[in-house]
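To keep things clear, I will list the structure first and then write my remarks on it.
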């Protein structure tokens, strides 16, 4: 009665095609069209706009000997600038992590007057020219500025200190965190929170143990984006930084400084270090997320 | 713990989701809330749990008003329709959650938690899955983990919202039996929501039939099956054939067939609806002039002990709006074979028993 | 109609706006030809880099000679560009002055006053602006001119920069910090900025202090051979730059607070261009390029001011 | 019925189940608003004050300068070219990444993100390195008299680079979430690839797409660093608005600078308002859909006349 | 159009989703693919549609190999499990889609499209919903629209992936009958996937039972029910009790009861599994020394014409692994009442009929 269990030889000469693992091998084809076209175009455009120019950067820095390269990227001032740039970027991204979560939370969960305006304002840092942002922030925070005048008497100096750098970077990075967390928070299942509550969890426990883990990937992404963007930021920072070597000089300023002395290779060398760092970080974050998605993934 | 639901109402905007619902549930009972989609089952369950607030009315646990008791402190176990398992926690962590979030004073030690969780996992027969993540489980397994998690806090009341809704027919059948058994073991007062009448009838001690935000009937499975309080209940509890007729003097005439209906003894010449369950139809080969509804055998499904027949009334009468649609009948497979009927044959169907509702009955609910 | 692109430094836009219209009229009168002048303004060395990288400038008019040296190295302008026009090919000059708060509360008179403890000085970052480089060299030169050694000069400059709370990115930023943000007691900047500052913040908001000795900062010009060869605008470019040396050109420059080379014009504006002892970069540092190498390049004298252990 | 007091109490109670107490709620809102005010509203206000420092007349005068107009025009042109370019790329990349499985996908996604992490100054510089007179293709381009760097194409390129990931970033998660069921259905029904894209995919992603476009546009108009390097700063020709702001500022014309900046902020706000309006409409549409009864209306078929208690009465369908 | 499936195999990575599947489907047939979750039903259906490519083997439509025919040109109608309706199109536009995307040459006029769509909407009895969006429809309505959309292109083959999977028990029952009726009207070759045996048995002309990527049995509903080819089929098609015993000389001994099993006449003293359907168990009150399996009546569910009994074997024999678990029995409700049994009473259960598989049978699948 079983119709297909016969050990007869297969009618078509087929089988070993996909033994190698890839189910796409051989005659298999994709149902949705345009894979070749879109992937091809993506790679082409990516290569043209991003990879080709960036490889020029790499090659330019290779015009240095290894020793020159090392000197260029590890001079004490450059090292100090890394510390400031990465440190301030990290701090700013960290602040954005909390502030962004707070803003996203408030925007998603609560109703209050002016909510839409606040929502719209979140994207402002994307739109305002960075230099303008830098000038305005400096104007606000300087000793005689709207905010600075109240802080200065208490010995709190923000403008022209590393703290100013952090503030400018917070401004730049905020939308990244808010805009990645917001949709995830919107999608998060109310039932999970209800389940936690009915199991006796307090609101804080629910947030900490249930909500936070579920938005963690988005938070990390937002953090990474804000961080990556902050590392490269120049326009808004230099106005507020004070730019004191070893203290408040950011790495992009080092690059500009090298360019001012027509040291293209040295400038690209430092740029390459920054780029590599950012790239590795993005890669790690993406991999981390992929892993998280696979683990927690699937329909629940 | 007993539960009393007193005159609970709930609106969502303009929509009356629950209208003055009252219900008593005895300690240790297993009650099914049964009704069509959107009738307010989930809403009622959530109000009992404290996840939603009633607009009016109150919920009493063991005689005490719970209005001011936070969900957290109500000690209800709630099992959500889509499980709502914590995705980023292992099965073990999921079940342990309710214990871990206790205030330090009352929190069991790690060893106790471990023992308790494993005990619960054994109870739901999934001890070997402790280290998996929810995404690595099948639907039925997830369901049982959700239950174990709810039980971990030793709830006084267990509330289950369509616990088997998202499962395969086969798994669903297994789990419902398993739930019954579990309840018999633990005897915790339980309410479960379903829209599957078979499930409700099979599992529950009592069935609460809801429709449009109101309770239509409350009773044991047998009671609601045998004495449905309204046409809605009759129709909802199983397949049914509907015949239009006239009630007069304790009997109803449907297509020339007289059915006794003593409870309508004082009704005179009123429109009536006669509900006949498929297995209450008697089927005989057609004979000219025989009593019964003449029909053609459209399709016969004979697998297992029961033959399900679909009959098409021969002489669809335009004055009788009930006619013209298919009549369904169920007879023992053996009997069907004995009758020697083939598809296309003409038969006579006679209701053996009917539940009759006259005009005034329809108005009530 | 021929167009000519003048690639210039930051704060010269207003000057060249006026100069261009004068030149266009002059050119029309003398040759009967219409000409249109395009201007490009940004940081001086950024502009030099742009020209080297292909910006089609016919002429470059900078505020630091190193920028044109760089172009000469790249073969974009003639190697002997400095000889092609009079006065080292710098039709105008400027020098470094101090600006102090109104009434000069700290009593700042000369360089020595700037290194006193408690005095804060706003300077442009020599790494990123010519303004800052000249300020640095002026201070260094002041010590040397007074007979000091290099070591003494270095110490002096070190002290000066210890008093610097903010290294501005460019002249404008320094001014903003000093005037708008109220930072520092003195600002070291180009004489040519004074007039702009008066215009933006109103005259008399600050006092100008002329130190005893300062540096002569040349504003060199050159024809970009690469472009003019291609466009055939060599004559026009030359005419454009020549006209800078004319009386009219010098007069316009003076109006924009750039010291004219023409002594007559300079005299005429003696109230603006107070005479003070000026030294040239060549005199003390060989050339600006040399100074750049020794002082400002990575690992140079300036870096040592800020790196621990460096002196 | 148990009356008003229990009712209010009950409301309070049950709400507390899945939200915070009003105190915490208002505290959080207050914190968020304070943060937003400090970091976003005040800078905006500072721009406005600076722009109007010398009065409205000076403000208007500053905007009437021909250079300002040229800059505005160039900015709009740049955005008008670079946004569509990134739109096409974003859609193509999202299609490939979201609808198909292939090796190296995570890596590709990272590469798409990369421009976020490149310092804008470096972004400009790399184009100079490739296309500048001393760069790889510079001599060839000069020979053929093709101007890219220090001309509008270069500005567009730099802008494209800087805004590169915006649309793709917006679309990839959206399209991943939507899956490809509808596309498969369309193909089975005989639609070609293009028809599937235009008629099925595009309408489904249009909101996300629009949002991406608006963000991309905002950033494209506001970009300073990268454009600065490749622009050449030719007055009236290659100065975009942000560059013009810089020039004016350095010229000690802060009113002019902030006037143009305020215009940029205004442009940004306008796009944000458009975005908000669009979102609001979308939301309303969604709400309208959700408000409709999910189940069939009661008079489904005119079978059982007065007895229409429930659908189940209609005798076996 | 007839369909031949020839030795189709499919792997996903290391996982063999389909292993050498062959199947012939006659023109106009309605075939059900039945099997547990993950057995490869969807995969097979998608390969037939051309949505997935087989690693080996071929699909023939009306005798012609379709390997090189694109999905677009196969003229299959595919109904997706979750409908995959176009969200942004009205019901009308959804149904019209397949007509509108035709090349201009063969595209019907607007008027024709309109007529055709309305004809189809009438066919699925949802004409009045033409202007709604999918999100405004109930599950059952969506399902029918998906079907109408698939039918609009006049497919030669109709493929339905768990068409009723996501629906309520009640709606599902209605729709399956309706599908059968529709098929009888249109007679287009149809394959539908399900994991609900009741559905498969009721609707299909033939049922294909799949397990772990292979076909276990193909036959009419009655065939597969009455003569299951393997223990898997037996178990999958309905509730079943499993007894362990010894087969010897054409009979099997289970707990002292001798069951005839003529098909195993040549088996000597082999381990055997006896499958007994609940309605094949005879129940009598317990008498000392009576033949049959002694058990306690654990629970009796008596709603409707059938009484479902759960029995617990009294003397769970550790040597007999089949014992110890619950035995399920179904007897007519009337008979149950006549027996006068109450929960807790002891009864004797005797298999009336059993399907026996001896050791060697188990190995094959």
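Each chain gets a letter, A, B, C, D and E, in the order it is written, and its residues are counted from 1.
Keep this in mind: a contact is a pair of C-beta atoms (placed from the backbone, for glycine too) under 8 Å apart; a residue touches a chain by one contact, two chains touch by 3 or more.
Only a predicted model underlies this, so the values are computations on that prediction, with no experimental measurement involved.
Asker: Among all the other chains, which ones are in touch with both chain B and chain D?
Answerer: Correct list: A, E.
Asker: Angle of the rotation mapping chain B onto its copy chain E, from a C-alpha fit, rounded to a multiple of 5 degrees, please.
Answerer: Going from chain B to chain E via C-alpha fit gives 180 degrees.
Asker: Which whole number of Å gives the spacing of the CA centres of chain A and chain C?
Answerer: 41
Asker: Report, in whole Å, the distance between the mean C-alpha point of chain D and the mean C-alpha point of chain E.
Answerer: About 49 Å separates the centre of chain D from that of chain E.
Asker: Go ahead and note the Å separation of the Cα centroids belonging to chain A and chain D.
Answerer: Centre separation, chain A to chain D: 16 Å.
Asker: CA centre of chain B versus CA centre of chain C: separation in Å?
Answerer: Going by mean C-alpha positions, chain B sits 90 Å from chain C.
Asker: Specify, in ascending order, the residues of chain D that touch 2 or more different other chains.
Answerer: Residues 16-18, 135, 184, 187, 192, 246, 249, 294-295, 312, 316-317 of chain D touch two or more partner chains.
Asker: So which bits of chain E are touching at least two other chains?
Answerer: Expected reply: 51, 71, 138, 170, 177.
Asker: Of all the residues in chain A, which ones touch at least 2 other chains?
Answerer: Expected reply: 31, 135, 139, 194, 197, 256, 259.
Asker: List the residues on chain D that touch chain E in their complex, please.
Answerer: That would be residues 181-182, 184-192, 195, 199-200, 203-204, 289-290, 292, 294-296, 301, 312, 316-317 of chain D.
Asker: In the complex, go through chain B and note every residue touching chain A.
Answerer: Contacts found on chain B: 49-51, 71-74, 76-78, 80, 82-89, 97-98, 101-102, 133-136, 142, 149-150, 152-153.
Asker: Can you check the complex and tell me which residues of chain C touch chain A?
Answerer: Residue list for chain C touching chain A: 43, 45-46, 48-49, 70, 125, 127-128, 164-169, 173, 176-177, 180-183, 292, 296-299, 303, 305-308.
Asker: In their shared complex, at which residues does chain D touch chain A?
Answerer: On the chain D side, the touching residues are 16-21, 24-25, 28-29, 31-33, 35-36, 38-44, 46-47, 50, 88-89, 92-93, 95-97, 99-100, 102, 106-123, 125-127, 129-130, 135-136, 157, 160-161, 164, 173, 180, 183-184, 187, 192-193, 196-197, 215, 218-219, 221-225, 241-242, 245-246, 249, 258, 261, 264-265, 267-269, 271-273, 275-276, 280.
Asker: What residues of chain A sit close enough to touch chain E in their complex?
Answerer: Chain A reaches chain E through residues 1-5, 10-12, 14-15, 17-18, 21, 23, 26-29, 31.
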